[in-house]
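Handing you this structure, nothing more for now.
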Amino acid sequence: MTPRFDTILITGAAGRLGTQLRRGLAPLARKLRLSDVVEISDLQPNEEAILCDLADEPAILQATKGVDAIVHFGGIAMERGWDQILNGNIRGSYHIYEGARKNGVKRVIYASSVHAIGYHDLETQIDANAPHRPDGLYGLSKCFVEDLGRLYWDKFGIETAALRIFSSFPEPQDRRMLWSYLSFDDCIRLVTAALTAPRVGFTVSFGMSDNSVKTVDNRLAAHLGYQAKDNSEPFRAGVEARTDTPDPKAAAVRHLGGWFVDLGHPDEEAAK
Amino acid sequence: MTPRFDTILITGAAGRLGTQLRRGLAPLARKLRLSDVVEISDLQPNEEAILCDLADEPAILQATKGVDAIVHFGGIAMERGWDQILNGNIRGSYHIYEGARKNGVKRVIYASSVHAIGYHDLETQIDANAPHRPDGLYGLSKCFVEDLGRLYWDKFGIETAALRIFSSFPEPQDRRMLWSYLSFDDCIRLVTAALTAPRVGFTVSFGMSDNSVKTVDNRLAAHLGYQAKDNSEPFRAGVEARTDTPDPKAAAVRHLGGWFVDLGHPDEEAAK
Amino acid sequence: MTPRFDTILITGAAGRLGTQLRRGLAPLARKLRLSDVVEISDLQPNEEAILCDLADEPAILQATKGVDAIVHFGGIAMERGWDQILNGNIRGSYHIYEGARKNGVKRVIYASSVHAIGYHDLETQIDANAPHRPDGLYGLSKCFVEDLGRLYWDKFGIETAALRIFSSFPEPQDRRMLWSYLSFDDCIRLVTAALTAPRVGFTVSFGMSDNSVKTVDNRLAAHLGYQAKDNSEPFRAGVEARTDTPDPKAAAVRHLGGWFVDLGHPDEEAAK
Amino acid sequence: MTPRFDTILITGAAGRLGTQLRRGLAPLARKLRLSDVVEISDLQPNEEAILCDLADEPAILQATKGVDAIVHFGGIAMERGWDQILNGNIRGSYHIYEGARKNGVKRVIYASSVHAIGYHDLETQIDANAPHRPDGLYGLSKCFVEDLGRLYWDKFGIETAALRIFSSFPEPQDRRMLWSYLSFDDCIRLVTAALTAPRVGFTVSFGMSDNSVKTVDNRLAAHLGYQAKDNSEPFRAGVEARTDTPDPKAAAVRHLGGWFVDLGHPDEEAAK
Amino acid sequence: MTPRFDTILITGAAGRLGTQLRRGLAPLARKLRLSDVVEISDLQPNEEAILCDLADEPAILQATKGVDAIVHFGGIAMERGWDQILNGNIRGSYHIYEGARKNGVKRVIYASSVHAIGYHDLETQIDANAPHRPDGLYGLSKCFVEDLGRLYWDKFGIETAALRIFSSFPEPQDRRMLWSYLSFDDCIRLVTAALTAPRVGFTVSFGMSDNSVKTVDNRLAAHLGYQAKDNSEPFRAGVEARTDTPDPKAAAVRHLGGWFVDLGHPDEEAAK
Amino acid sequence: MTPRFDTILITGAAGRLGTQLRRGLAPLARKLRLSDVVEISDLQPNEEAILCDLADEPAILQATKGVDAIVHFGGIAMERGWDQILNGNIRGSYHIYEGARKNGVKRVIYASSVHAIGYHDLETQIDANAPHRPDGLYGLSKCFVEDLGRLYWDKFGIETAALRIFSSFPEPQDRRMLWSYLSFDDCIRLVTAALTAPRVGFTVSFGMSDNSVKTVDNRLAAHLGYQAKDNSEPFRAGVEARTDTPDPKAAAVRHLGGWFVDLGHPDEEAAK
């Protein structure tokens, strides 16, 4: 069967999730174009690679040419100083959307993050319409790109699914990940759903597996058609055995953002 | 075991869904009374048929005599000119409710439609309390009957479950039906739930199978106890193979009502 | 100064409120076209009269020709039998909207009624998004026309302001009217605001003066710019002196619709 | 593996649910301390028993010493006269919370009840933020203890999960229990989830199995991680065979509280 | 003109607000019955006094005999130890409602308090449906009586207006009172409105003057018809001159309850 | 009387609103520090001026030293190309907040804009919790700074009042400004309220005068204590005489952002 897309661009393709998406999205497109600041290893026949920096506007304009959809997982993936965040995430994502606009790309799947709403409490059970509450410069940049996506939909008709990834790792590493865990396979399911949903407009979805403890209400993204199939239960005993019971009153336990809320300003963290 | 009802009246019994309901509701009642404007074929021992027009008030008064519940699936089932809608759906349904009132029928299950709320957007994820937004004269008549049912509950104590049927066909016929599909068996499950729920009052429920892509929030009808068991996934590959990818910005893709929102006034459509 | 409109059609112009609107809307239009089933007395130079029945589709098509806006206050104004309601309000209003569509009229101001939501409780403090809960056939027809207006906006781009008139009389006549009172001058202010607001789309507004006791939340119509200037306080002492203290548990006191909720079916009321 | 808790206190341990919890919570703690006003039979090696009355403040201060968590299922479990409710539930629960505060207990799992919100309607589909609407003195005391738990969280940092038990019996006994049923195993799952959830703060959860008919919206407690595994379907045929079809208009069918709403004041019920 | 009520009972009539209400409510009733634990001075011809304790059930049963409405402002008016709160507010108010039930009193106006919701934040702008969050034992007793009023309305048809008094003093005494101030005259207006509103059912209203800074949303009580006429501006300069600028991050500034949230348990406060 | 603040920094002090604020805020502080990229004319004795660019981090760090509050009205005030917006508003505002953090400034009053939510519809009547919907790069930068303010409150305890200025001009210049008008005096009142409110945390307020037509719901900012005293009515006749009646279906009339929504990308607008 002909794949749905001719070419999909994956940014951050050398990263932890980018690597998974290369595998997972292969059936959806004739060709995957992969971009990253580091070299992509092990290139497959259905792949082409572009070595470029998101902060390099002309390069991004070039990279987004001729693609049907962009899976934008590139940029800085943790709390970092302002200049890195500004260049990698704010300026970089602006270049991606400008590339999409100038090259006629119709849909962007964006790796937003729980850290865009990290200061909300677990027991509030927020939905996707809750106001932004970033927990650091990283989260702030995620808020920015969500708003950017919203603008490019409202004004230029480019669809965005902003997927607020919680914790996507091979397995849960701490107690918090027992509820924030997004398995790699579920991550692929979520991106696939967002790419193939009949109508996205501008949609925010929380990205988690079907874990028992649920800390947000994802009903406003139900039209993406994402159906998680994994959960963290198989890892529970192991995690609990090697970690302490959390203090429910600790800020990092109370808030969705976890230990990010305990971080000071990255300049000062770096100076420590 | 004694069936729960003595006699259930099914209007529109010769129609696509009426035919299914004859089969599906048989276990619930000692007798099914079937009404339609066309002759019912293949009458079963547990069935009795009445040939009558919903616009004929005395006939409907007669047809509703001695029944325990009415499954009102009759009337015009698509966009049609005003006179047909007025007679078949507005006047016709008024006759049904008057029959219920005068004959002491306690519960009506009404085939409302997605077209009562067809102008809402998918990504709004409306619930049953969202205001009416009909997408044509047909949908307008569905709104009318919902309000009629609400009135007869508030004033006369007759319960109504208004089931907003999305797309109930043997199988999904286009991309939209991948999310709007209601299998025949799930349709029977939904009507059965509405007939047997302990308390209905006036309840609006969306009628869909358990499809992956969900475009509305049905939690306000959870007391009906409807549990969908089917979904559109087995038909996905086939539908996608023979239909084009929809344009997410098209009005018919954006709105719940689908291509109904593209229709002009039925008088002018008819003149085309 | 040139008035804002060339010609405004007022239906029901011989009625209680229609008569007030003739006076009040005069400054807004070069000409007021007045329609009613009874003859309009005392015609002014800025006025022209049409004697016609809303149920007469060709006549209404004619009456709506060449007008800039329609102030639709005609039809049956109280609880009546089904045939009267059907012809005067349901069919009649359909004719008005068809006239608007065919003749290119851009805005309709419709006299809806508290009886479209008469079964809601006072202390719920509903807003304009609350579901319809008509308290009789009259209210049911008001719900129908609201949905009709919504449809003609969504599909044909004709704006409607549906003004749910509470109790517009020379002065409050009973205890309930101390909160439901809409003075004639405030009624004119409300219609004027709805005619001149920059953007109406489909808007529902509750129509009351600035009475002390407030039973609904009108914030969703704030863009109409209606500013009530009257209230019922000057009439309080008189009303209280000549009426009994209401029983708070009576259905007619509990519900917005007042004594309409106590009415039985109009056929049976008529038979009393 | 070391159990999560050293000592858990279960109040009302000789009661219907207390007995189940002895079995179900055993794996969670090295020791279960059991309190009741009647003697606990069949004491296990992992258990210790305290015979005491909740109204006896010093005894409760003693019973709560050295425990890690309190599962407070004691007190009066049905509608009773004021003095019993006051002593057993209001004063008794105050003593429990004072014991927790003075002895440094960090989490309380409280058996609240559907009767704290018994006057809400089924079709409203309330969530945990809906205002209290107790259906008797028993329910009123449950409201009180919920507010007490809220206060001790806000002011003293003691967490409470208030579990509004619907109907926890060996099997459903009447039609209402087909939706209100909480199996004993699900009850244990719910208490276990509440004890082990990473963050509780003050959380209200409805306590039901996964029955088909659902009458409340429990999403605000999703962070407890409770996953019901049972439902009432296996008992449906039996219950329906031996009970009458309920009247949907009966107060006891309309309201969440069931037949409690039909009870008069307990003093007068007792005098009957 | 005949006053609206024959006899109104005011509890706590010797207190700060009770004294004001004696003056303010005089025009509403032929006779004011005044109760308090201390002697009422300066008895007027339209007044009769009863010296009794709210904890004395038979006395309260007697005091509520033959009255048309109860203005229940008695009981403990500040944070106190459990026994005082239990007897004065919990048991005492139960006696009042039992008196109302047994003696057929139809409406109770209850002096609830901001301290029933003292742990909510100012900037949340809660309305009357927000969950209880008491800030001490005093506030907890206010929550209890609100729920008691709700029960007696739902079950016995006795109406309650629960007025959450913020700060009713001769004038604002600190910075917080610039927003929480309720002038004595506005307090009288509020109680008068609650006594004379056509329908109260169970209604919660926040009690404040029309101060510039508003910290709660009172729209759900708009049917009481309370119109504040005073505000704190005349006192602003004085208060600001003699008090320090508050620290916005202080718990007592953040929360509606003010310095009550800083209080520890009353037993320990008393021991200081 | 001693003014409330020692030193307030006003950025953009040479601008249209900055100039008004110099006059209006003078009574609040011993000294106003004024910053802008252009020279401030007519310096008063209570003023000191700093010529600097917001993009110059060290200069801003210096400018924010020793101030008690910052009234941040500087930066680009209209739709401009990305580089200008990035430097003036995104980087510039980050420097302001970093200055606040490093210099211990406790409160920031930020001139946000209607253009942060410009794609919402008038008739939706959004409140301050509605998601961002910027209508251009300018609005996008306003969203960014709101989120920045939110972060600096949640993480560093610096309060922000984000005032979404609608249209603050000497008088309304077009039909839209009849509802979006914020008089200069009301602008001063709003900033003053935000500076002096007892608790701000992170608060978003819409900035408009008390115009008749209201297009948003500002209740969530009621704790700022802003009381508009002006409105656009005195200018209505003039505006209406010299401008055409707007087309209600035009995008610029439908959306809060007005003609900003009609703008293309600034790069292309510039190229026109």
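Couple of notes before you dig in:
We call the chains A, B, C, D, E and F, going by the order they appear; numbering starts again at 1 in every chain.
We take it that contacts are C-beta pairs under 8 Å (C-beta built on N, C-alpha and C of every residue); 3 or more make two chains touch, one makes a residue touch a chain.
This is a predicted model, so every value here is computed, not measured.
Chains that count as touching both subunit B and subunit D, per the definition above, are A.
Note on connectivity: the fewest steps through touching chains from subunit C to subunit D is 2. Between subunit A and subunit D, the superposing rotation on Cα atoms measures out at 120°, rounded to the nearest 5. Copies subunit A and subunit B of the same chain sequence form an interface built mainly from non-equivalent positions, shared numbers / all numbers used being under half. Subunit C and subunit E have CA centres that are 41 Å apart.
With centres defined as mean CA coordinates, subunit F is found 32 Å away from subunit A. Annotation for subunit C: no residues touch two or more other chains. Under the touch rule stated earlier, the contacting chain pairs are A-B, A-D, A-F, B-C, B-D, C-E, C-F, D-E, E-F.
Chain contact summary for the complex, subunit B toward subunit D: residues 1, 4, 106-107, 157, 159, 193, 197-203, 219-220, 222-227. Interface residues of subunit F facing subunit A in the complex, by the touch rule stated above, are 82, 86, 90-91, 94, 101, 119, 129-137, 139-140, 143-144, 146-148, 150-151, 154-156, 261, 264-265.
Remark: subunit C residues 121-123, 125, 175-176, 178-179, 211-215, 217, 237, 241, 245-246, 248-249, 253-254 touch subunit E in the complex.
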